[in-house]
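Chains here go by letter, A, B, C and D, matching the order in which they are written, and residues are numbered from 1 within each.
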Amino acid sequence: MEKFSGKIWVLGDDIDTDIIIPTEYLALKTVKDMAPYAFSPLRPELAAQIQEGDIIVAGKNFGCGSSREQAPEIIKTLGIKCVIAKSFARIFFRNSINNGLLLIENDKLRDVVNEGDEITVTINESIEHNGSQYPITSLPQNLVDIINAGGLVKAMRKLNGLD
Amino acid sequence: MGSTIIEKIVRNNVGRDVKPGEIVTVNVDRVMIHDIFIPFVASKFEEMGFTKIWDPDKAVLIYDHLVPASQVDDTRHFRIGNEFVEKYGMKNIHRSDGICHQLMTEAGYVKPGDVVFGTDSHTTTYGCVGAFSSGIGYTEMASILGTGTLWIRVPETIKVEITGNLPANVMAKDIILKLIGDLGADGATYKALEFTGDTVEKMSVASRMSMSNMAIEAGAKCALFTPDEKTAEYCEIELTDKERDLVGDADAEYCRVLHYQAEDFVPVMACPSNVDNVKPVAELAGKEIDQVFIGSCTNGRLEDLMAAAEVLKGKHVAPYVKLIVTPASRKIYRQAVENGTMAILAEAGAIITHPSCGLCCGRTGGILTDGETVVATNNRNFLGRMGTSKVGIYLASPKSAAACAAAGKIVVP
Amino acid sequence: MGKIFKFEQDVDTDQIIASQYIIYPTIDEMKAHTFESLDPDFAAQVQPGDYVVASENFGCGSSREQAPSVLKALGVKAVVAKSFARIFYRNAINIGLPVIVCKDLHENVKAGDDMELSMQEGVVRVNGKEYECTRLPEYMQGILDQGGLIASLNKS
Amino acid sequence: MGMTIAEKIIAAAAGAESVKPGDIHTVELDRLMSNDGTTHLTIDMYHQLKNPHIADVNKLVWIVDHNVPCDSVKTAASHKKMRDFAKENGIKFYEGAGVCHQVMIENHVTSGELIFGADSHTCAYGALGAFGTGVGCTDYLYAMVTGHSWLLVPETLKFNLTGKLKEGVYARDLILSIIGMIGANGANYMAMEFSGEGLKTLNMSDRIAICNLCVEAGAKTALMEVDEITLDYLKAHGREPKYSFKSDEDAHFAKVYDIDLSTIKPIVAKPHFVDSVVDAKECVGTHIDEAFLGSCNNGRLEDLRVGAELIKGRKVHPLVRFLVVPASAEVYKQALSEGLIDTFMEAGAIVMNPNCSVCWGSCQGVIGENEVLISTGTRNFKGRAGHKDSFVYLASAATVTASAIKGEIATADMLE
């Protein structure tokens, strides 16, 4: 099973899509242009601090609000390897998988970690933090396939014999 | 063991019994794309390498957010949409007939038991006729257009039973607002809502639509009503046995059951800036307002306009207050002309626009500024949704909204 | 001395400042969009003391006072044209932006030329040549001299 | 020496025996109209005055009509400023009641009045024999504070109308023809006066359309002789004339044009000038993206009837956006009761609330890059209806409606 480690950023409950990317920046041309403003209503400095391979750990209802697909695209563009939350809003969950952003549901981790900790994720198995293991429900194979393909567009290109 | 409505719909679609939590691939009966997302859907579709739509007749394109255009780049969406329709042989396109969710049911695109997806979070609306419908992003829409299928996780169901007779000044909107207040903004996330009881059985399809439309504001995946004779009449069909069977079985498993007595409901409003911040209108009475908006896929239907007209007949909108009326569809507009509703609203001083999303999507249609207060019949009151972040948005029923317009302040209808 | 920004005939008020901007709360917020469709760089390039030179019927169209106001706010010293549309003319005088009729200037100058205007003598000087201008009626010169119509209100 | 109508109104307003072109007079104003295009700036200037006050609040009428319903937070702030000021000072205030000039003519203007409007198409009031002229907000503020203003007495051009417009030809074709003939500055600083037997054949709606567009020839004002039609209109709206002036026999006119109405043909003004007029037939076949029936120029009941009659039983071309926007709430209500609104809705038109709409081109029905609009609005300047690289053709309600049906510029006689 694929295994990776990363430094974590810790966020609270109900991180809505307007916090992930406020409407006023949605008109910018590309997701790359929008990325510096990610999480700006809450933590304006955060986008600049995130490093490739970092992990977000959040509370419940992450990604609630509108169906804007830019939200997961931006998180991915910032280099976030995966988001671990107590729960995810439905449309955000789908949009993330489709854009190849890994989401993991776990209702205990958020309450024991501190920002800056390092954790290790073994996909479909567990999260390791300070020697403790937190099991993760395995994602169905079709979703793993989409993520592994790098998102739905790439998966479909493969299906159509293009890549 | 019995099944809930959503379990039956999915079972009928995939041809075997399913249980909540399971991931299955469904065959899609209909999809809806609106003008805001068509450029993205079109480019993703081609990037994926598809050369034809799996079944062009099952796709519907509706221009509603940008009608009429308010910014110079808006018509680009129409141009791209028109090209897409032409290139892939789509026939179902509405360029100025009203709001997508209204047209999907009104124009007969959705039938009981159908599995439908749309590029809009309020796609939950079609549960009013017993269809499973839900909002998705534009990338997934592109893949459905190519494959005709989508994976879904079978949701658990929350049953909401309402019995008894509603007070005269209470509308379906008051019920759904109260429910969202009770459930909270994520109280139904991933879950299906199922409405039952003699109160909803007595409701028109239009009223049911207001409720299924707003289910997303509690996070729900879908919100379902059992198809009945009213549904059949609305959809202009005869119900089949399979459709009649779309009822939650007595021994079905629900993750939660809520019961409400209709007589207990009072007019309520969702206060700034969360849909679950719900309070009785009586507690808010007296607050001065600047504008009233009656319209949207939540409450822009004939019965809503008629309810407003009944309140406003022989009265006039209060001085310095604007009443903006945006019917949900061309058909509704014409019916309201025909039965005299429009004349009453016009006489009362309403600003009546063409059917479209209007103010609800916050691009035009009555934008407000700092310190202003609006009472609106639509579905969201998020910070900044209708102008600056210092605009107070109160969501209400058409009856409450009309009464406020006449009074110039919040009043109990 | 100021530089010439040259325009042709029938420059209407929508070209000077388009409808979508005139509703902006203040002239300062609008001025960056001056002449946006005819010369998108105008607002960035014009310096205080520069001139707008045009042919016939400058400022035709709407009564929006924002048109002369954005020119004044950008520091345009005067508009010199073969003729002006009347509402623009009146508005310009009222806000204290000199509008000068000069029949011969337009054909004989090009954009970027240095120009000098003497209102008192009623002449403009460009490239070593002098061009005579039509003098303002005394009444209007009076309004200009006191700094526009509002200034006269504050005096009385 | 006799006087023209314009001279008589100025003389009365100046308290002078007689006036002559070129004189500058201080005049007492009867009415002051302002709309949301500039009022926010007027208010800002008002607050900067040393001694802010209003000479006679009863003369003021403020109308929100340009961006209705409101389309942006900036517009909303401007509207709020205007609404709050009107409320505080007791100024007659309309919002959403229709285009300012139509609202003024329906409710306020009467013959012989001298009216400043902070909008160039204020010259429309000449249809009722009133001297209406467009001014900027500084002029407006000065008049608001003092009750008077300065006015240069204009020369008058006389248009002596004879004959009758042919079937399928409208007042709008007439005024566009006149503007084409005299040019975009052909009446600059002047008054345009219309009289003659031909005038009697034109109803009030025709007359408003004619006077309204005179500013596109540069005119300071437009005036028509007061006659039975004027008096009937005033009476029906519960008003009396202030004066019923006619030009004297020996009045001086800068020029007199004789126009036989029967010679007028359907006209189109091509992009980007109102005086670029051609026979409508020359534009037939030009692709269009949008059509607009409305505005203070051509959004009255009579215009809607013309459009509705043509489109009844037909459909708007699927790729054309056909905006129908009544000029006022009164017009809307009448059109509703006559069934015109339903006819347009049945045909697939987009029927908007009474307001300036795409004629003003900043918020409703704006057109995109390289798009083409055929319009009954007042102007076809470059970028007027949206993108700077877009195109506006002006034509009558009949030509606009026929084009909306065909999907390209067409005249009404081309409909099967």
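What we mean here is this: contacts are C-beta pairs under 8 Å (C-beta built on N, C-alpha and C of every residue); 3 or more make two chains touch, one makes a residue touch a chain.
These numbers come from a predicted model, not from an experiment.
A.B. asks: In angstrom, rounded to a whole number, how far apart do the mean CA points of subunit B and subunit D lie?
C.D. replies: 41
A.B. asks: If you average the CA atoms of subunit A and of subunit B, how many Å lie between those two points?
C.D. replies: Going by mean C-alpha positions, subunit A sits 29 Å from subunit B.
A.B. asks: With centres defined as the mean C-alpha position, give me the subunit A-subunit C separation in Å.
C.D. replies: So the centroids are 57 Å from each other.
A.B. asks: Residues of subunit D that touch two or more other chains: which are they?
C.D. replies: In subunit D, the residues touching two or more other chains are 72, 75, 77, 363.
A.B. asks: At least two partner chains per residue is the criterion; list those residues in subunit C.
C.D. replies: Residues of subunit C never touch two or more of the other chains.
A.B. asks: If each protein chain is taken as a node and each touching pair as an edge, is the resulting graph a line, ring, star, complete or other?
C.D. replies: Here the contact pattern is a line, an open path with two ends.
A.B. asks: Mind listing each pair of touching chains for me?
C.D. replies: Every pair of chains in contact is listed here: A-B, B-D, C-D.
A.B. asks: If we count contacts the way the header does, which residues on subunit C are in touch with subunit D in the complex?
C.D. replies: My answer: residues 10, 12, 14-15, 18-20, 22-27, 36-37, 56-57, 60-66, 68-69, 83, 85-87, 90-91, 94-95, 137, 139, 148-150, 152-154.
A.B. asks: Quick one: which bits of subunit B touch subunit A in the complex? Just the residue numbers, please.
C.D. replies: Going by the criterion above, the answer is residues 23, 25, 40, 44, 47-50, 119-121, 134-140, 142-143, 146-147, 151, 185-186, 189-190, 219, 221, 382-384.
A.B. asks: Over in the complex, which subunit D residues touch subunit B? Could you list them?
C.D. replies: Of all residues in subunit D, those touching subunit B are 68-73, 75-77, 79-80, 83, 86-87, 93, 95-96, 289, 318-319, 321, 323, 329, 332-333, 336-337, 341-342, 345-346, 348, 350-353, 358, 363-369, 371, 386-387.
A.B. asks: Along subunit D, where are the residues that touch subunit C in the complex?
C.D. replies: Against subunit C, the touching part of subunit D is residues 24, 36-38, 40-41, 44-45, 48-51, 66-67, 72, 74-75, 77-78, 117-120, 122, 134-139, 141-142, 145-146, 150, 152, 184-185, 188-189, 215, 218, 220, 273, 360-363, 379, 381-384, 388.
A.B. asks: Can you name the residues of subunit A that touch subunit B in the complex?
C.D. replies: Listed in rising order, the residues of subunit A that touch subunit B are 14, 18, 23, 60-61, 64-67, 69, 87, 89-91, 94-95, 98-99, 140, 142-143, 151-153, 156-157, 159-162.
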